[in-house]
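These notes are about the structure you will find just below.
When the chains are written out, they are named A, B, C and D in that same order, and each has its own residue count from 1.
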Amino acid sequence: MKHTPGWGLLKGLFETARNFVGSYYQPGRLTTIEYPDERLPVQENFRNFPMLIYDGADPERGLRCVGCKICEKECPPQCIYIVLERDRSGKVQKRPRLFDIDVSVCMSCQICVEVCPFDAIKMNTEYELSTGDRFGALLLRKAELAKPNEYYRRLHPTEAAEVDARLAAAAQAKAAAQAKEQAKLTAKPAKPAWSTQP
Amino acid sequence: MRAQAGDLEMRGAFAAEPHGGGGRSAGSDAGWGAGAGHEWVRPAEPVGRLEGEWLEVAMGPHHPSTHGVFRMNVALEGERIRKLKPVFGYLHRNHEKIAEGTTYLGSMPYTDRLDYFCSLTNNWAYALAVETLAGLGVPERAEYLRVITGELTRLLNHACLVGFLLHDMGTMGTPLMYAFREREKILDLFEALTGARMMCNYLRFGGCRVDVPAGWLAGAQRVVDEFPRFLDEFENLLTTNEIVLARSQGVGVLSGALAVNAGITGPMLRASGVNYDLRKVDRYGIYDRFNFRVPLGEHGDVYDRYMVRILEMRESVKILAQALKDLPPGPILDPKSKLRGFRPRAGEAYGRIEAPKGELGFYLISDGSVRPYRYRVRPPSLINLTVLEELCLGHTVADAVIVLGSVDIVLGEVDR
Amino acid sequence: MMETLDQLFVLLKRWVVGEFPAAWRLWLSPLIDAGAIIGVFAGLFAVTTLLERKGLGRLQNRMGPNRVGPFGVLQPLADGLKMLTKEDIVPRAADRVVHFLAPIAMVTPILLAYAVLPFGRNLVAVDFDAGLLFFFAVGAGTELAVFMAGWSSRNKYSLLGAMRGIAQMISYEVPLVLSAVAVVLVAGSLSLPSIVDSQAGYHWGWLARWHVFTPWGLAGFILFLIAATAESNRSPFDLPEGESEIIAGHLIEYSGFKYALFFLGEYLGLFAVSALGITLFLGGWQAPVPFLAWVPSYLWFGAKLLGCIALFIWLRGTMPRLRTDQLMNFAWKFMLPLVLVNLVVAALWHGTAAWGFFGAGATRWLLGGAVLWLTYSALSHALFTAPGRGPRTYRYAD
Amino acid sequence: METAFYVLAAVTVAGAVAAMALPRLVHCTLCLAVAFVGLAGHFLLLGAEFVSFAQVLVYVGAVAILVVFAMLLTRSADAPPAWVVSRPGLLGVGVAVLVFGCLAATVAGSGLAGREAPPAPEVTVKALGERLMAEYVVPLEVVGLLLTAALIGAVILALEDRAKGGT
């Protein structure tokens, strides 16, 4: 290949000049998003840190979490801490009294979401979490983690629709089974505390 | 060497050394190298009349061109490197031992963090090892998705690597910025698909985690279609630049024989003229369905390593175009696979793929429990780094920097 | 009217000086000159840092600074404040006195060099008979400053940087001076204002008689630019700083105001050497076309200076860095012979100036250009081509 | 002008003395450069522009740098001896004083001392160049040839040494 000395340098200069000019009118060349002034749209699949979903209006009563501690066990960096509620007699209730996630440890891997059999824990997309207090403010408590189902629907519409359909089907099946049982026994069993509203 | 020469040693700065010289005090004689059991590069006393004294410089761990926290202890004669000792371990995070204490699935997000540029290929190698161990199959659509994400990963890794390499040659970051511009587009795709830009955690044993969202394939097609234009631009910018040619040709020559003996893999091996690409050798996944070629270098110098990567990107674009065209519908996860209580039968398995940096392998021994009994990574970065001294001797400091750049290391993988 | 505008600063100074008693005038005049030079070029330095960051940003498809003030125009102010308020760190092992003196030794000679540069018609502080020599003589002082900085910091990187810096500056001074000598040969003077005067007028009424439009001038200008880039330690010759290799070279142990002084010195050096290149080859403050000659001369000079600065920024955004030995080879084996041949061509050009036959100009141009081009290709062929060097083709395995 | 002369003289002499007396070689070199600059100032004061600038260019720009470079390459500048003035050194001072006395006595005794200095001729660079290139062209060329020979000789010596050294 014949190569004129100096030509490669000139080609490079031409290329940078093209980019210089192009950066003024070709949006593909200037990919910078000037962050605080403008933001990228949040992708539907985006995940940051986990949140707890509750149905209805009351974050305490509507919480889907039953405190089964599967997520606590499966969490690779072990950033979830759960203490179950006990009633006055000391009997363990099927809901968490404490549910803490240390987001300074969490690596956003989403395994807790995948292993949860109750669709109670989902990924939040909130990412502006910087704080000056790295010990207190980065340990998210149950109250901060609890988010209504509507919020979840807004963040992940496709996924939430699937979950809602699945839960509705499960609730329907359960109601059908219950009705059957009721009809058979004509007894009234206590309604499980963690069952969800259809 | 006279004691006064210690004046110029950066005394005490090396007190916290991760390897060797355990009982050495910070203020020992000449600062470093004097400690017991610490073999350092100091030459034997009398040297030739005009050879002059050797200047010992610790390049790194805080050096802009060591691609992370890596250190090269070099002995210089003028600017010529007479000895070089790589020191690593600053980013050791106990990956393998942690993996032995956690479930099979629990290690998947940790593999993202090995070579943090290529989380998807890391996932793939690990998934392949576990699938071999557990005898899981992978649905066809998932195989295609793996190829698509894997080749996109190769594109972004190689683009950034050549960017970094040219940046090390002193281009003020221009090619690097162009590479990052393209990487941004691929990362957007990753984010839309997997939910994260770098720590994707996308593959599962027996398939993938989620299916592609609506419109993703069209977006990927667009990126793939535009990528050759970026490559042309990049090559126009510097491939025939006389300074790049002068800097990189004949520098850091690695012979094919040495490369094979040292276990070098990946583009670095192919730049030395050895035809060995696991995509062709193992034909893992569905790589036998695609039509692509393997570019080979001839001289094994820095320029060949640069060009082989550029040409590999062009081949990857071809693979991507074919995979995006042929992607079949269907499930994305083997129905036999399960997330919780996953217990592969006792035995051992080695899964390896052609990661962008070379052969990435995971070796697993299972005792039938939920945790691997032994977990071992074969990191291409580390093994490719072993020949660094060979490549650098006799060259200058400036060459050492670009030789290191052309090896393509990520310290997360080297130190694990 | 235009005449007054053109001579505005000269008249202004004459008026100010005239207001003071005669005994003061001797001292006042140079003081005003020095103040004006420092003020104008420190301002230009501030503007250039912004332009450079913006320009590099756009070359690299980035925005560049745009946070401080509208479009980031106040960025130099913020940078300056940052520099001034930073802690001034002196390494414990450093030679404190030399470490302190080095930045001063860097800036002072460069400021002195401005004394002989004609920035406009009659706008020159001192018209030395040997002005060009003065420029190069004071420029030599910066080499010592680089050494002082590198040695006194007591850092291995700074030592390497100083070694590289001195070797490079000495080597490139030779082609720099010799490419200027060609101009001296033709213009017959070492005084910069008279060199500018020698480029006055227009061929056929439209083509300026700048030296850059002659074969030796064009080659000389390119060689001068290359040598000037090396002298001012800018990419692709930024080896003394080489931040990917020796981090910042001789500047590694400097912070705060001292670092700012070095930075200032480097940019002032760049401006000075660009201004010299303009004076020698680009007709100084002369207008490029006769119908624009009414524009004040200093504006032309400023425009040319900004153009040169833009060129340097462009180069910096594109070029990789050379290696030490290649740098030396380039200076001694490539540039030096070429610059000597250029000197011969300039002499021939000067000698054949009396040729009067039809097409004499074209013949001279072709002859000179051919000699230079042949030398260039022969040299580059002999030096930069070798088996296995150059663009390559690659084979594929299936 | 008188003041300028005395200031320059003080700087030059101080630089020269410091260059001899300071313990660190690097400081000596830098002071030597100061002395060179002071000398250049004297030339300028005498109206010899060309010589003055050439003095700076050659002595500061080349000679001092040469010394500095030798120091950088050898690193011998790092070890300052405790005290530089040894007994032979004192002897040297004595000899210097003696020589100065002899020269001063001779100059003072000659007819030059009392004579009024003639007005300095106006020396332009052009005139200087014409003299060098016309009248003194042969000596100039001889000097150039000698220097070139010295240069080539130095290169050859260095090359031989390297060949013997084996690297």
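Simple rule for what comes next: a residue touches a chain if its C-beta (ideal position, glycine included) is under 8 Å from a C-beta of that chain, and two chains touch if they have at least 3 such contacts.
These figures come from a predicted structure and were not determined experimentally.
For subunit A, the chain with the farthest CA centroid is D. Between B-C and C-D, more contacting C-beta pairs join the chains of B-C. The centroid of the Cα atoms in subunit B and the matching centroid in subunit D are 58 Å apart. If you average the CA atoms of subunit B and of subunit C, the two centres end up 42 Å from each other. With centres taken as mean Cα positions, subunit D sits 29 Å from subunit C.
Centre to centre, using the average C-alpha position, subunit A and subunit D are separated by 79 Å. The set of subunit B residues that touch two or more partner chains comprises 7-8, 78, 174, 178, 181, 237-245. Residue positions of subunit A touching 2 or more other chains: 3, 5-6, 8-9, 12, 15-16, 19, 29, 31.
Under the contact definition stated at the top, the residues of subunit C that touch 2 or more other chains are 59-62, 159, 163, 317-319, 384, 390-391.
Interface of subunit A with subunit C (complex): residues 1, 3, 5-6, 8-9, 12-13, 15-17, 19-20, 22-24, 29-32, 34. Remark: subunit A residues 3, 5-9, 11-12, 14-16, 18-19, 28-29, 31, 43-47, 70, 74-76, 107-111, 114-115, 123, 158 touch subunit B in the complex.
Contact residues of subunit C toward subunit B in the complex are 56, 59-62, 93, 154-157, 159-160, 163-164, 235-236, 238-239, 242-247, 316-326, 384, 388-392, 394-398.
On subunit B, the positions that touch subunit C within their shared complex are 7-8, 10, 55-57, 63-65, 76, 78-79, 166-174, 177-178, 181, 237-247, 249-250, 275, 277, 280, 293-299, 303-304, 307-308, 311, 396-399, 401. Per the touch definition, subunit D reaches subunit C in the complex via residues 24, 26-27, 30, 33, 40, 49-50, 53-54, 56-57, 60-62, 64-65, 68-69, 71-73, 77, 124-126.
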